[in-house]
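Okay, so subunit A shows up in both of these, paired with subunit B first and subunit C after.
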Partner chain A sequence: MSERVDVRKTYKLYVGGAFPRSESGRTYEVTSSRGAFLANAALASRKDARDAVRAARSAQPGWASATAYNRGQVLYRVAELLEGRRAQFVADVTAGEGLSAARAEAAVSAAIDRWVWYAGWADKVAQVAGNANPVAGPYFNLSSPEPTGVVGIVAPQRSSLLGLVSVLAPVIVTGNTAVVISSQQRPLPAITLGEVLATSDVPGGVVNVLTGKTAEVAPILASHMDVNALDLAGAAESDGVTWGELEALAADTVKRVRRPEADTEPTWRTDQSIGQILAFTETKTVWHPKGM
Partner chain B sequence: MSAFEYAPAPESRAVVDIASSYGLFINGEFTEGSAGSLKTINPATEEALAEVAVADESDVDRAVAAARRAQEKVWGPMPGSERAKYLYRIARLLAERSREFAVLETLDNGKPIRESRDVDVPLASAYFFYYAGWADKLDHAGFGANPQPHGVVGQVIPWNFPLLMLSWKIAPALATGNTVVLKPAETTPLTALLFAELVQQAGLPAGVVNIVTGAGATGAAVVGHRDVDKVAFTGSTAVGKGIAKQIAGTRKHATLELGGKAANIVFADAPIDQAVEGIVNGIFFNQGQVCCAGSRVLVEESMHDELIDRLKARLGTLRLGDPMDKNTDIGAINSARQLQRISDLSDAGEAEGAVRWSADCAIPENGFWFPPTVFTQVSAAHRIAREEIFGPVLSVLTFRTPAEAIAKANNTPYGLSAGVWTEKGSRILWMADRLRAGVVWANTFNKFDPTSPFGGYKESGYGREGGRQGLGPYLVEGSTR
Partner chain C sequence: MTAQTTSTVRPWVRDAAQVATDAAGLVGSAQISNTTLRRYLFGLPGVDEVGAKGRAAQLGTRSIKTTSKAWALDTIISMIDLTTLEGADTAGKVRSLVAKARTPEPGDATCPRPAAVCVYNDMVATAVEAAKGSGIHVAAVSTAFPSGRASLAVRLADTTDAVAAGADEIDMVIDRGAFLQGDYLKVYEDIVAVREVCQSRSARPAHLKVILETGELVTFDNVRRASWLSMLAGADFIKTSTGKVQPAATLPVTVVMLEAVRDFLAATGVQVGVKPAGGIRTSKDAIKFLVAVNEVAGVRWLDPDFFRFGASTLLNDVLLQRQKLASGVYSGPDYVTID
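Coming up: the complex of A and B.
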């Protein structure tokens, strides 16, 4: 009797809550760290990037107006589902990053724990980063952080799940929506994360995942007039990408830009901070007179 | 209603001695500039006030080197409690010499003495007093334990609030342990240079504050200097974008406070007399040369005609003229160039079909003046509804529902400020949540305070000045970009 032939997955983009192929019809081969064929991933085009921005913009007001408690619950639910898909993530990370089984397990565990950590900030960040201001006059005056809007993320190239979670979760926890360009060589965990998000309670369009050539898609996001901010965490090690050039493109629309911290990517083992959240928020200050 | 007759009530200019020429303030002393000089004039009379040195790259290099030495050897290592006392001294000295600063500001800028005396100078002192107290409490500011300064900060400020913008820039930078090289605007350098004298009186260590005067090239040299760690800029969005581009790919941090096109939204249930005062204060304060000016009034349709009638009546009582007169409401436009821009955009408003009305007031023969002007029948596509005019020109649009008001208010690349006028508290909070602007004034407008963060969304810039949040951009741990 012959062995069973396994059913392989088709990896597609995740845009607006759906899984389209690239409108360009293009794909590229994804291999393991040892060069074995893993999948054909969608090779996103400029048009796919623009579609993703439109989906992110449409979803943003609704996501931002959900209560912080609700956003916290929805994101915590994602962690529950990540735990349930742990085996697949470990397999994806092992194949893509060439880690030992133990290290891949540790990376996936850290990613899930990080997601939980950021989810918990949803209804606390305004208390920690906002405050009343004792102005010299009869006025009520309150400052609080609000989401910046649509954030383009160049995901880390090496750490395909933990790195991705480390930059994505802090963006969406406050009510931003995101267009993620996944790791070019290791895109599979990002698409699997998209599948988790699609079956969770995160509304479609809050997270959009593009796979393909970073050098092709990142400049579209950097110069797009409806993108408010960029996280360039993965730009330092992207083929054919100079992060300073992306930042220069972003200057034309006064985007907030989070630069890569160094020329090489961190391990992401300890990279979680409220600063990562606040980089994609705006302080709003409201005044009102006091009177009888 | 017509304006009451008032006898002239000019403030004396004898309180301030203006030198015929000024050098650059580098390393605690005044020195020559290498790029010649420029003349600064009184925009209300066009008389020359003084010759001011122009700094080139070599002068900026000297200033940055002095700032670096001072930061590493003196100011950085100094305990916060000692830095605080210097800043308290500056706050007190500014208050002591406030009349002198107010007169000089009005002469150089053209703003009414009532404003420089009651707003600009007292607030400048207050910013130093507020940030002085932070210098030894940075551990409690929410940026972690023992947060660190960037080092040398290059600062470029505009001409609309020369001394006040200097205080917004220098006070938090010094409180956090940075040293500064500041370039004032080319048309309003004098209060910054008087401030340099005050820095000497305060006994501030040499090199902690350096002031280099000049025009755009001097500013670009400050921003582009390789040993400047952080840039803080207030000015136009076009220049701000250029700065963001200039520092792209470097490790420099930036705070940008750029332009605005604020909506001042008036609901039919608003307290109308207060709303009219708020609109007037929103767009005619400082001749409308304010980045957060309420330059677009969005009025609920049913209220439109009554509001316009009352507004015109109120504007008829504003007194335009000699900025040194204590009764003056509307002073001079800061420069011929700015006056030209205001005139051009106003002409464009008329050409595009909006209806122009200007208060009937006598315009002095010399100097740069523009009467308070209101445009009605403005559509969202008109240039006067989209572009920052930076002058005493108000565009009035209408809306029918709160959702429409929000859509129109947010329909701009800017996001600096917004105003809401209504008696309904729940509506104020609903609106405030949805307005994409860094400052929302509800039933008030154009209020500023050292404890209150100020800064924009979108193309109005990033970073905050004022308040606890205003410390962050000057600290490594608080610079989230």
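Coming up: the complex of A and C.
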């Protein structure tokens, strides 16, 4: 029997629920931690970022107006699908991050567990972060967290799945939509996550995944006037990216920005908290007259 | 195509007798009747539908960038008939629409103004008052818009109202029912009668745009015939659609109409305008129309007197693109007014 010919994969972007090629037509080679060829990935351009923001913007009102309970259900369903694709994620993580099989298994398990953990917060975050404020006057005064809007995410460079889930899940659980720039060297788990999301109940446009050079796309998101917030988690270790410059660009439109906490990436083992969710919410306070 | 005549006549300066003479010359009979109109309209060459669509698709592939794009965006703005045609229109909404037309981009005085605002008949006085001194025209949709299903007397009264209230332009609808059942004389006479009302304000005659409602005419042959019929009857502009019927202004249908006005100019020396309306929402689409105007009709149509966009949301998209060209960063809907 003759030797089987390799099926060489060329992945595409995930924008607005579809899988378009990069508008620029460019691709780049993704290699394993040992340098072996894994696949081709789309090299996103400025216009892909623009299209992704447009898709995220048009999906945002619908996603935010879904009931919190429904969002929780939809996200939990994603966790079920992640579990179903476990083997592929383990293979992606093993190849990309150079982990042992056992440690890759552990990372994937942690990522799925974290997704479930955040999904559970969908219908609880308002109870914890909202408040009936005591005020000196005949008013009900109620505060509740609302989604910020469209959030640009520079995904962690090293932890390509656990890190990604750690920054993405808390953003979308409250009704934000996201444009994710995946890890430049290790985009495959993000691509697979896009495929999972496309077959889940998450509406198209809620999560958009751009693969490519972080240094090329991140400034576009940072300066885009229709992006409301920026998570720079992966900017610290990106080639050619100075996160302070991205922060300066974002300041032009007074974006909410979450900076990396250190110049090196955390392990993400313990990075789950309600604080991550609240980082991309706005507090809405309503005054309502009482008994008049 | 035959060489274009060097001097062109602006259609609205012709009096009724001149229009009738031009029509008789083309039809080849001083007697305009259903028979002569039918013979003439069916003598027009048929439209190659596949060819027209292919041509439109080809024109849509041009890439317009940098300084050309900047020029195109400003030209588009100056050609927009900023439109609000809702049952829920209020005087306040019309005033805010005019305010937007007066100052499309606050903080940038170089931004041109749209050519006109387009409103329902009863809002004309409000719009005229708000637009006073700005040079922005007020266009009124008249003659029982959008269906046109009313008696001629009612349709003329409707038009008289709008002209008396000071409308600079009248957008009338043709009787599609009459056209489709072959009663071309009825359509012709309706247009002549409405034109007479427009011209009755002799100091400043209202320009007449004739809406074909191409979405209801079914075939490109019908679009070509309706275009010629309207121009024979004295239309100053031919307009694709009311915006209330799908499909509205498509590029192929506009290409067919642009061919008609080009050939009409060659035949009579009169330059009639074209207005696609409905469904043009992005700068990218609008630029395709400009390319078609230039390539099909010619550069002399790249002028707000001869080409207009009927649109409500297009202006905001063009303003966003303008901001992007000026600042280099992508803008968003938070930075333009809501419609």
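Here, the second predicted complex is superposed on the first by the 284 of 292 C-alpha atoms of A that agree within 3 Å, B and C clash if a C-alpha of one lies under 4 Å from a C-alpha of the other, contacts with A are read in each partner's own complex, and residues count from 1 in each chain.
Rule of thumb we're sticking to: a residue touches a chain if its C-beta (ideal position, glycine included) is under 8 Å from a C-beta of that chain, and two chains touch if they have at least 3 such contacts.
None of these values were measured; they are calculated from a predicted model.
Shared-chain residue A:A36: touches no atom of subunit B or subunit C. Subunit A is touched at more residues by one of its partners, and among subunit B and subunit C that partner is B. After overlaying the two complexes on the shared chain, residue contacts for A:V128 are found with subunit B alone; subunit C is out of touch. When the shared chain is aligned, no partner comes close enough to touch A:V7: not subunit B, not subunit C. With both structures placed on the common chain, the touch criterion links A:R57 to subunit C but leaves subunit B unconnected.
When both complexes are overlaid on chain A, the residue A:I220 reaches subunit C alone and has no touch with subunit B. Put simply, subunit A uses residues 252 to touch subunit B in one complex and subunit C in the other. Across the complex, subunit C is touched by residues 50, 53, 57, 220, 223-227, 252 of subunit A.
Taken in their complex, subunit B has these residues touching subunit A: 126, 142, 237, 240-242, 244-245, 248-251, 256, 258, 413, 428, 432-433, 437-444, 447, 449, 451-455, 457-462, 464, 467-469, 477-478, 480-481. Of all residues in subunit A, only 65, 128-129, 131, 133-137, 139, 141, 143, 148-149, 228, 242-245, 247-248, 250-254, 256-259, 275, 278-279, 282-289 touch subunit B in the complex they form.
On the subunit C side of its complex with subunit A, the touching residues are 323, 329-335.
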